[in-house]
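The structures come next, written out as structure tokens.
The following pair of complexes shares a single chain, chain A, combined with chain B in the former and chain C in the latter.
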Partner chain A sequence: MNPDYAGLFLALKPETALVVGAVAVLGLDLSVFRRHAAAERLRLALWVASLAVLTAGVNVWLGPRGPAFGGVLMLDHLAVATRLGVLVLTLLTLGVARGAAVPHQPAEYVAVVLFAATGLMLMAAAQQLLLVFLSLELASLSLYVLAGFDRARPESAEAALKYFLFGGMASAFLLFGFSLIYGVTGSIELPRIAAQVSLQGADPLLMVALVMVLVAFGFKVAAAPFHLWAPDVYQGAPTPSAALIASASKLAGFTLFTRLLWPGFHAAVGNVAAPTFGPGWLPTVAVVSAASLLLGNLAALAQSSLRRLLAYSAIAHAGALLLGVMAAGRSGPAPLFYYASTYGLAAVGAFGVISAMERGGRCEYITDLAGLHRRSPLLAGCLAVFILSLAGIPPLAGFFGKFTVFAAALRLGGVAGPAGWLAILAIALSTVALYYYLIVLKQALIAAPAADARPIRVPRTTALTLVAAAGLIVWFGLDPAQLLGLF
Partner chain B sequence: MEPRVAYLWLIPALPLLAAGVGCVAPRNGRRLAAGAAIAAMLGALVLSCFALHLALADPSAHLVYNFRWFDLGNGAVRLGLLLDPLNGLMCVMVSLVGLLIFIFSLGYMDADENFTRFFCFLSLFAAAMLCVVVANSLLLLFIGWELVGLASYLLIGFWFHRPAAAAAAKKAFITTRIGDLGFLLGLVWLYDTTGSLLLYDGGNGVLESHVLGDLATQVLAGGLAASTAIGLLIFCGAVGKSGQFPLHVWLPDAMEGPTPVSALIHAATMVAAGVFLMARIFPLAAADQGLAAAPVHVLTVVAGIGAVTALMGAAIAVAQHDLKRILAFSTVSQLGYMMLALGVGSWVAAIFHLLTHAFFKALLFLGAGSVIHAAHHEQDIRNLGGLRSPMRATYATFSVGMMALTGVPFVFSGFWSKEAILHAASEWNVSHLPLYAGLAGVVLTAFYMTRLLCEVFWGAPRSPAAAHAHESPAVMTVPLVVLAVGAVALGFLGTPAWPWLQSQLTGEAVPAHSLLEGGGLMALSIVLVATGLGAGWALYGRRLRATAGADDPLAAAAPRLFAFLGARMKLDELYAATVGRLNTFAAALAVILDRWVWGGAVGFLARFGEFTGSVNRGVDEGGLNAGFDSISERIRGAGRAYSRAQTGETHGYLRALAVAFVVLALLALLGGGQ
Partner chain C sequence: MSPLQLCVAFSSVLFAVGLTGALARSNSILVLLGIELMLNAANLNFIAFWRYSPAPSPATGVIFVIFAIAVAAAETAVGLALVISIYRHQRNIRLQEATRLKG
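This part shows the complex of A and B:
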């Protein structure tokens, strides 16, 4: 095969833009902006980074489609949509960072965000196991650094260390699984693996390898029982980092693993439409989904910390998204993508509100939100949109996400089979979830502010970011065809 | 296709925007809220005039703009905008009358501390009403319809601190909701049968011939056509909204709202929405006319209900003492006339009367508002009197409205539109009962309006409030004058000699007749008007009421009948004793079910969830964390707290990960028992 480097460059132009942007941020900070104050350096770095993200977005939009570089990359609808989604969520994260506490090395922070985004973009398009692993590692390593960036706070270092240890273990599983897959099928390219698997069927060794992959997947998207890092990281990491981990990382993770599992291993899928499963990876996904739904929703009930509550709610949403993964074989990835991207918007927004509140004091417990409607009506209104969307209240996007995913899951085999039961479980647990979401809103919208509470001043960029995220949620909720029609 | 139709959405969007501004404006932002509302209405009026101009270029065309709202299953839910002379005229009428009433409200609500909120609600109402008018989809129409109901609820209960207003708002909301339920069922049925709710859609809309043909030929049990059933269900919505018998009871109570609200919503626009709806779907309602075997036709029912309402409303109005309630029952009665016209097949006459009625009834209500404003919120006609000389402008314009309503011949618009209805009723070949009801109503209308005019404006003031009354400011009287001009001039758009309105609405040339065509009927109705006026004058004008406590002359003549009519034919009591009691019983049953059966189950589930959650937290924090904490504390002694906790926790975490892997691998391999 004669490598087509020109085609590769064209396909990777967006990633190139991000890397060039990151290097430019670092270089400019070292040379031109060196004498400025930290806050000013952060502002300039964010502008450069936003420019890079926008350039990347334009390149994704105008870039080539179809397989690239001999099938190493696959730029189909899902890849393009995910890459755009990652860029939008990164841009919103940058907007959130503008209002957050200024990190010690602002330019490095922004550059690492761009590196993480590069990794996530590659994850969205990777179709070869080596590239899958490398892109996952690039993204993960950047996120570990981001989680531990606030060196002044022990919690941040603690979160990073825990995330790193857990991630290292998950990567080990993933690599072991990949090597087994290579050993069984003799290839690292997904189309060839698929052809080989359909010839030889569900080999026990292949099953073990797939479960290993699933462990890494569960880690990446914080699904139970691989979720244990999530509450600590959400609590300890700097807020923009937590926003990126909760949104863009999740979206790219789901895209990557949907691509891996469905086109790659659809021959070893098993069956969830009937109570007798049959060997395959789908039943294990179903178990992980059920565990995440139950654990996430029930544990969230008992939380008093706002960030831990968001972490457990993220676990619950991962469970619902896994339903979307299960249904993707039959209904296509559109419901999954819609859910994951709109969930990402709401998550970034919620963390953005937290970070804006932290400027004016503490925002650790749910009770710290008390009287937000008096202290900052804008924040309270945006928070209401985000939380109601997370809870799945129409006409916000969260409702349509849940609706399309559950409808797709019910289409797998009606309410008779385990997939149907799982969908019913998810619907029932949505009502449980409403309880803890409304507790948050009750504090923000009804409770009176504390006696010493002062109005919160929200920086203009952050306000714009939050309003944009809320506007997108409302818009996609009113006109879901905008996203669902992409596929 | 006409591309400009796509911009029709701007007409409802402008007042909606003003409502948004009013909603976020601070309480003291009076100028902002009122300015936004009036500017938006002015904008809507200008756009409506352009739209009407566009529609009149080709009156027979239905210009549509349909778009996909969202996909559902294999189909798509589509909405659309429609422009033809019917809704072009409605748009202009709603925005013009709305604009005048907004301006009037500046003066009337001046002293109210919730001025901002009032204009916010008014704008919301205008947006919803215009949405009903421009909709090309019954779904969009229904959305506007419900929003109109909501705005009406909010505005009737605007002074919610008064128990009567709060109760009236609730009554209006619930009563119209009964009709809306029928409407919704009709829509669902229609969608189920035809797969579309668009009115006009290039041959596939529900008002277009081949769909109508299908609907009319589908026969249900009992020989009923599908279109009959659907038409009657949709008519339920119109009955509720337009205050038709038997759901009219909310309309008189709605007078608890501020008077401009009564003028705008409960006289000129919202209550006419039912008539507009029936005119809009007239092809559907008339689809079953060809079925001779059908046991009932939609239009027959409509005509019957209309005739009963027209007569009943006029009769009850005779024996009321509250200025606004008399006008309210008069509205009920006039809406009955419009339904009657629809029922006998002349939707054009109905719309003609709708337009003229909007002007003269808004005029009468605003005149009443001017009186109430001047007389310190005294609205019992027995306590008023003698307002003719202090309130000359109000008196003059009110008289114009009164003569238009009673149908004083040739000059006033009400005469021509009422003649059109009576003429249509006389040509109806099913029955002449509606015609007789309409003619009887004419006498009663002239009678009660004469009584009203004499009691309020003539004689001497009978209370201190009336004695101190003085003319309202120009911001209130100027809209009155404009409306009075409309109440006269509008009639000349639809006289038999120059049937401009008729030919524009139907899109066909209507031949002009002599002014005196059907002269016998016309002469008869003129005689009847004169009879009513004369009887009213004889009883109330010749011997003016001396004191507030004096007996009503009619009550003296027929005390039991007068009391029966005064109690609104005891219909409220009848409903309270039947439907109300049944509802109370059902509610009590529901409470028992809810509190003991469902409440118990939900409570149990909640306790269970709480229990699982706390066990989870206990395991998470007490078991995993605390266990490892204490172990590591023992091992390492003092040290930095976080590293201590973390090394312990992480080991446990990683162990859990390995265990989970083994379990899942076993599951994948064994495949659930196979």
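This part shows the complex of A and C:
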């Protein structure tokens, strides 16, 4: 292979823009902005970072398509769409961070957000096991740091430590699985692995490797039974970090593993269209999906903490998204991408509302939302859009996400096989989800405010961010072809 | 048993020891140690599969291991920083006492 460094540079221009932006944020903070107050330093760092993200977005849009650097990177429609999605969600996270409590070292915080975004963007395009591992670790290590960034609160440190210990174990499983895949197929490039697997069929050692990879996958997207970190991290991490973990990290994780499993291992896929499973990774994904749907929805019913409720509902959404992964072989990745990206928008928005409320008091329990419509009509309206989209009410994007994913799952083999049963289970559990989402909305829109509640002042940037997220959700809901037509 | 089989058996045992340590220990540094053992088991696999591969191949396995060692070092750095941050709050690093978040 003759390495094509010019092509690599062109393909990685967006990532370069993000890293240069992160270094610029750190350098400027150390030199020019050093004497400013912390809030002012955060504002300037966020402006520089937003500029870097926008530059990266333009470069993704205008950049090259197709394989790059001898097939190490694959810039197909899915990769480009995911990279743009990650950048949009990162930009919204930066907007949320503008309104949140000022972190101890504002510039470092913003720089680590940019490094996380770099890792997530590489995840979207990786087509070689080494790059998969490195990009996943870059993103994960940045997210651990972001989760533990609030040094004053013990909850933040505890959340980060739990996230790190679970994540470290998951990445060890992933590396061991990759080493077995390398041993069985003799290659670390996905196209060659695919060719070798279709030659050998379902080797037992390969099945062990796939199960180990699925453990890491389950951890990354917070699917049951690897979800244990999620509620603690959502509750303890600083709000903008939780928003990034809930949105962009999920979108990139699903893209990465869909690419790894479908083109890489479609010969060892198994069968979920009929009750006779057959050896492969698809039945395992089906079991994880069912567990996530059940556990996420039922555990969310018992929550009194708003963030933990969002975390358990995120586990349930991961179960539904796994249905999209199962259907991606037949219907393509479009339903999965639509669901994951619109879910990300709603999750960032919900955390944005939480962070704006924390400025004027606390927002820990669902009852803290009481009387939001009086305290800040803007926040209440945006929260209604986000929560209704998460619940899947038409015409918002969450409804069409569920619709396309369930339709694709039913197309696998009708209701005769496990995929169809799972789709029916997911539809039935959507009604459970509607119940706990409406409890949140009841507090925000109907309940009277507490006696000592004051109006909430929302900073302009945060208001703009929330309105943009809500607008995108409505727009994609009214015109789903905008996203579905990308593929 | 062939050398390759011995190597893979050894690395599997190492992985199991690391996993047991990571799951059973309550001291967070010992959990970190268990995770490192698991990563090193995978590294050993890469070297063994590269060394005993049937066709002479480019040094893919070795290069993968060099990157993996660097990543493991970075991971340990982040992990120890997080252990220190929890030590600042609860004055020990026992995982049983990290129970503020639950529900």
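Keep in mind that, in the parts below, the second predicted complex is superposed on the first by the 487 of 487 C-alpha atoms of A that agree within 3 Å, B and C clash if a C-alpha of one lies under 4 Å from a C-alpha of the other, contacts with A are read in each partner's own complex, and residues count from 1 in each chain.
Definition applied: a residue touches a chain if its C-beta (ideal position, glycine included) is under 8 Å from a C-beta of that chain, and two chains touch if they have at least 3 such contacts.
Here the structure is a predicted model, which means the values were calculated and not measured.
Looking at the shared chain after the overlay, A:Tyr144 reaches chain C, while chain B stays out of its contact range. In the superposed model, A:Phe226 lies in contact with chain B only, and not with chain C.
Using the contact criterion defined above for the overlaid structures, shared-chain residue A:Leu51 touches neither chain B nor chain C, since it reaches no partner. Of the two partner chains placed by superposition, A:Leu441 touches none, neither chain B nor chain C. In the superposition on chain A, contact of A:Gly186 is made with chain C only, not with chain B.
When both complexes are overlaid on chain A, the residue A:Val20 reaches neither chain B nor chain C.
Once the two complexes are laid over each other on the shared chain, residue contacts for A:Pro154 go to chain B and to chain C alike. In the superposed model, A:Leu134 makes contact with chain C only, not with chain B. By the touch criterion stated above, A:Lys162 is placed in contact with chain B and with chain C alike. Residues 154-155, 157-158, 161-162, 165, 169, 173, 232 of chain A contact both chain B in one complex and chain C in the other. Those residues of chain C whose C-beta lies close enough to touch chain A in the complex are 8, 11, 15, 18-19, 22, 28, 31-32, 35, 38-39, 41-43, 45-46, 48-49, 53-55, 57, 60-61, 63-64, 67-68, 71, 74-75, 78-79, 81-83, 85-86, 88-90, 95, 98, 100-103. In the complex of the two chains, the chain A residues touching chain B come out as 154-155, 157-158, 161-162, 165-166, 169-170, 173, 204, 207-208, 210-212, 214-215, 218-219, 225-226, 228-229, 232, 270, 275-281, 283-284, 287-288, 295, 298-302, 432, 479-481, 484-485.
Chain B meets chain A in the complex at residues 68-71, 609-610, 612-614, 616-617, 620, 640-643, 645-646, 649-650, 653-654, 656-657, 660-661, 664-665, 667-674. Residues of chain A touching chain C in their complex: 129-130, 133-134, 137, 141, 144-145, 148, 151, 154-155, 157-162, 164-165, 168-169, 171-173, 175-176, 178-180, 182-183, 186-188, 231-232, 235-236, 303-305, 308.
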